[in-house]
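In the two assemblies presented below, subunit A is common to both, partnered first by subunit B and then by subunit C.
Let's turn to the complex of A and B:
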């Protein structure tokens, strides 16, 4: 199968050419069978070079394209699009990595680096020779989404999905929507009542016909794959199966509860931030700040409780500094005569929240910085509570602060929800939160296509951040589902039905559970679900019959590449 | 051991010019002080905020040796009226420690 192949080799402005003789490679590779054009460029990825290559492909009638440059991670898609613009099937383009895998790795030996690069390019040519045009696999998508959790993130996300015209199934395990916000008082930075915010969203959700809300319900089963999931919802009205194209998880975080005795927790007068929110909400109406029947004159806040610890939660829960400071400001506003001491390790009111900290300083809330090696000690005496702390800002002088109330400023930890994790196959990180696929570039997607994570189930977040990630996931779902169809990567596993005798080894090896047993004309064989397969090839080497291959990486191709790599040695 | 008592701060705050609480402890004042005061302005104000009466009494000499040149005040990123605050402290000491009216 003779084919006209074009090979283009990149200098990468010296990144490659400093350590690899790219001109020599171009000369040598030109002698390979089927290679009708071999040329170098300073930057193959530059617009000018791309245009020239497109022109050459058209003029010379090239049928396959090899570019020797950087890692496919950087420019595979760039050059596939180039091939497409030149009228080639993008899968007849082969990228050879002679930068990360050659020039950068062998800066000490130009001669041998050149030799290695030549062999790599030759193997690329061998692969290009056999490259078959592939078409993306098209599947139809269902214009509906399921949202797990109807806290602020889930509610807002459901409304956004509904705005996009998608049907939404909103599943909440509690009796009412709102989640954590039901227990909160005023919210930073503008002092809105948390419950008002929830009520507003609840009405909005109720008003919309394309949002179905399931209370006291949970998701118990998931089958199918991106664009076409089947999920079972179990609620008070029994079981229901819904078909959706995407699943969004918005289950939130768990407010940390200190261990008994941690900063005196468990004794009367020692509250968490969440308890404090309830208390101030109740006291505001009564216009008296009273705890257990006693008027409160002085409150001590202790920050970083349960977080940034060597044992337990190592991470910073990040929103609690602002939440603690804002609780202090709220208290100051409603009950200005109450004295406040805020004991902190580091003040992390990041971004515009710094304004709250400055305001708190100006209003006379006293901030005392302590070191983690000298933590505040809570003492219960007959006269009441006393906190002893070494103040870093006076060079470690010990303070004794007697007080009526201690508020432990606690943050969010990952929720214990093994059942949901098992049903949805959610990736859980070491810290107990769900993991995204890429923290910067794909922040709401997971390794499972069509399964998104949003809000505080991913990491401790404040409300703005939670809602922002919810809206990001809604937009992502829209991109996925609104076209009605989905193109999937065709470089996936394919089973040779004649050779396959179903031993199940491939199914065991697959990390994505993409392979299932199937009967075809009385014979048991393996079937690959194209929507689940990532084409990573764990199934290929375990097959005793060589019956399973990844398209674009067929056995024949790989063997030809190996032959080309060791041509001189053989 | 400092027994924290905000009453001192509350009484000093009656003077509207007293704004030591805005300090965020950067130390610019200390770096600039031409006299090299024994107790740093930021530390002094901290004692005031915490109500550490004894520490302030101990620092009386320093409080009265400040030149009130205002170099620190001109450079304070938080706009703390340092020289003015020192004056307020002086008048407090005169009234409460020395009982001169």
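Let's turn to the complex of A and C:
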């Protein structure tokens, strides 16, 4: 199995070399079997270093490549492409993380950090020694996508997909499109009426021949895999099967409803932000701000209701600070005589939304900061509502604000949609929202290739953030489907036909129904469907014969890595 | 070799490895005897690898940094990984190896502090076991 291996070690401009002796690693690793080249670079990812490595691979006839640098999350694909440009199979490239998992973690002990880095690189060499050239699995793709949810994100995403020339099936469980925006008033930052925006998008969707809208419909079944999914849509007109290359989930979030009694919720005059939107929309036409027939003179907004709690929703719902401030500005614009008090824990009008907060201050809205441990107390008296609060910014001075209306500024929580989760196998996080692979590096992708998540089903988001993620998912779908074919990651399960004698345990363990029984020359064995296998390896530990393994993570390869991690430096 | 116990961590490519990366990026210190093999999902860690690491190789302990409920592949990843741990501990006992030498904890993609706390406590436990066994 002798193989010419090249090892390149990165200084990372000091990020690694300040804490790890990279030259020592190059010297030591050069003595390893099969290593024919070991060299350091200031930045392996730089164009110059990449070109030099490509030249060395070609000149020295290297057959496998190890780069010890940063996390694979940053540069695995960069260096796989490098390997490919040099004529190597990209799967014979192994990345070793000696930055995040070594130099940055052990800044205090250069000697031990160097020793650890050396062991990690040796394990990389052991893995590279056994790395097989793998061929991506090429499949044909269907130029169509299915979007679940026809709120603002789903509608805009469908239009973007249609612009790309893809056929779109847009599925909405309600009777009309628009979702949450049907209940909202004006939208920040430009004051557009939410219903106008939805109507404009609805007309656009209706106008397009390549968008098929299904109302009062649900996706009830999904089979197939990336590039070729088969989905069943059930609606008033019965059942329909559609074939698509990608699925985009845009089901949105759920506006939080406080528990009865939470800041007095349930009593007359205590509303959520969503209720307030409806109220101001109705009152604007009448030009009188009244609630239950009584004119409103003073409104108190209480922020962070139901979020950033030790029990329940621990996270910050992000968009509600800006939404609360904008609701105040809208009220000020339409009914300037009404006094407003905004009681907040922290004002998180991030980015350019900070301007809203400044505008609110300039327009005379009163902001009172309260502490988590001394929350506002809502009292119902015969005279009406009173809120007692300790003002943090005046040394905890207690204020008693009598008012006609209290608006609880509530955020978005994850939607309860177990049926859809089960059908599409969506990953749900602890916070109740769907999980992407990585919030920054792969923000709309899930581990199921071709299944994207967008908008507020991922996390609380405002409309522009939701639409931006929808457009990102549409662009990703375009990249995936427009070429007409795609390469699948080949690191999937593989059966050793000599060892396998079909016991069925692997098929039972497989969550994707990717393993079936088949007869080969009279012998029953397991067969893996490469389009369905995800390579998670659930089948591996259950096999009594070690007959099934994930390529790139084979038993021998793992054991060789374990040995290499233990090797002492002579 | 490092001072202190040698710990092999099976991390997962998309979830716990990112949490461990974050520990490094945050310059959180943990013992240098901790090294990693990243696999796609903790439900695919084979108990035979654990036995090999503890019996045939140099490791004092194996730590499975599981995906937990964040697993992008499986909704029942914690349960499956738990079963692997149970099976592996039975295997270790059958080979006269203290099953406490295997530990599992769910490490999410931002669980840097949790990882460092777990691995430090585990290192301490392994040192205590070494004293007990002397």
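The rule we apply is simple: the second predicted complex is superposed on the first by the 377 of 570 C-alpha atoms of A that agree within 3 Å, B and C clash if a C-alpha of one lies under 4 Å from a C-alpha of the other, contacts with A are read in each partner's own complex, and residues count from 1 in each chain.
Just so it is clear, a residue touches a chain if its C-beta (ideal position, glycine included) is under 8 Å from a C-beta of that chain, and two chains touch if they have at least 3 such contacts.
The shown structure was predicted, so the numbers you read here are calculated from the model rather than taken from an experiment.
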Partner chain(s) touched by A:99 [first = subunit B, second = subunit C, both, neither]: second
Which of subunit B and subunit C A:175 touches, first, second, both or neither: neither
Subunit B versus subunit C as contact partner of A:73, first or second or both or neither: second
Touching partner for A:108 - first (subunit B), second (subunit C), both, neither: second
Partner with the higher number of touched subunit A residues, subunit C or subunit B: C
Which superposed partner A:311 touches (first subunit B, second subunit C, both, neither): neither
Partner chain in contact with A:287 - subunit B first, subunit C second, else both or neither: neither
First (subunit B), second (subunit C), both or neither touched by A:565: second
Complex contact set, residues of subunit C against subunit A: 1-3, 6, 8, 13-14, 17-18, 20-25, 27-30, 32-33, 35-41, 43-49, 52-53, 56-59, 69-75, 80, 84, 87, 108-109
Touching residues (chain side subunit A, partner subunit B) in the complex: 339, 341, 358, 361-364, 366, 368, 388, 391, 393-395, 397-402
In the complex with subunit A, residue positions of subunit B that touch it: 1-4, 6, 9, 13, 19, 21-25, 42-43, 46-47, 49-50, 52, 55, 78
Complex interface listing, subunit A residues touching subunit C: 71-73, 97, 99-109, 112-113, 115-116, 119-120, 123, 421, 425, 427-430, 435, 437-438, 446-448, 491, 509, 511, 534-541, 546, 550, 553, 555, 558-559, 561-563, 565-566, 568
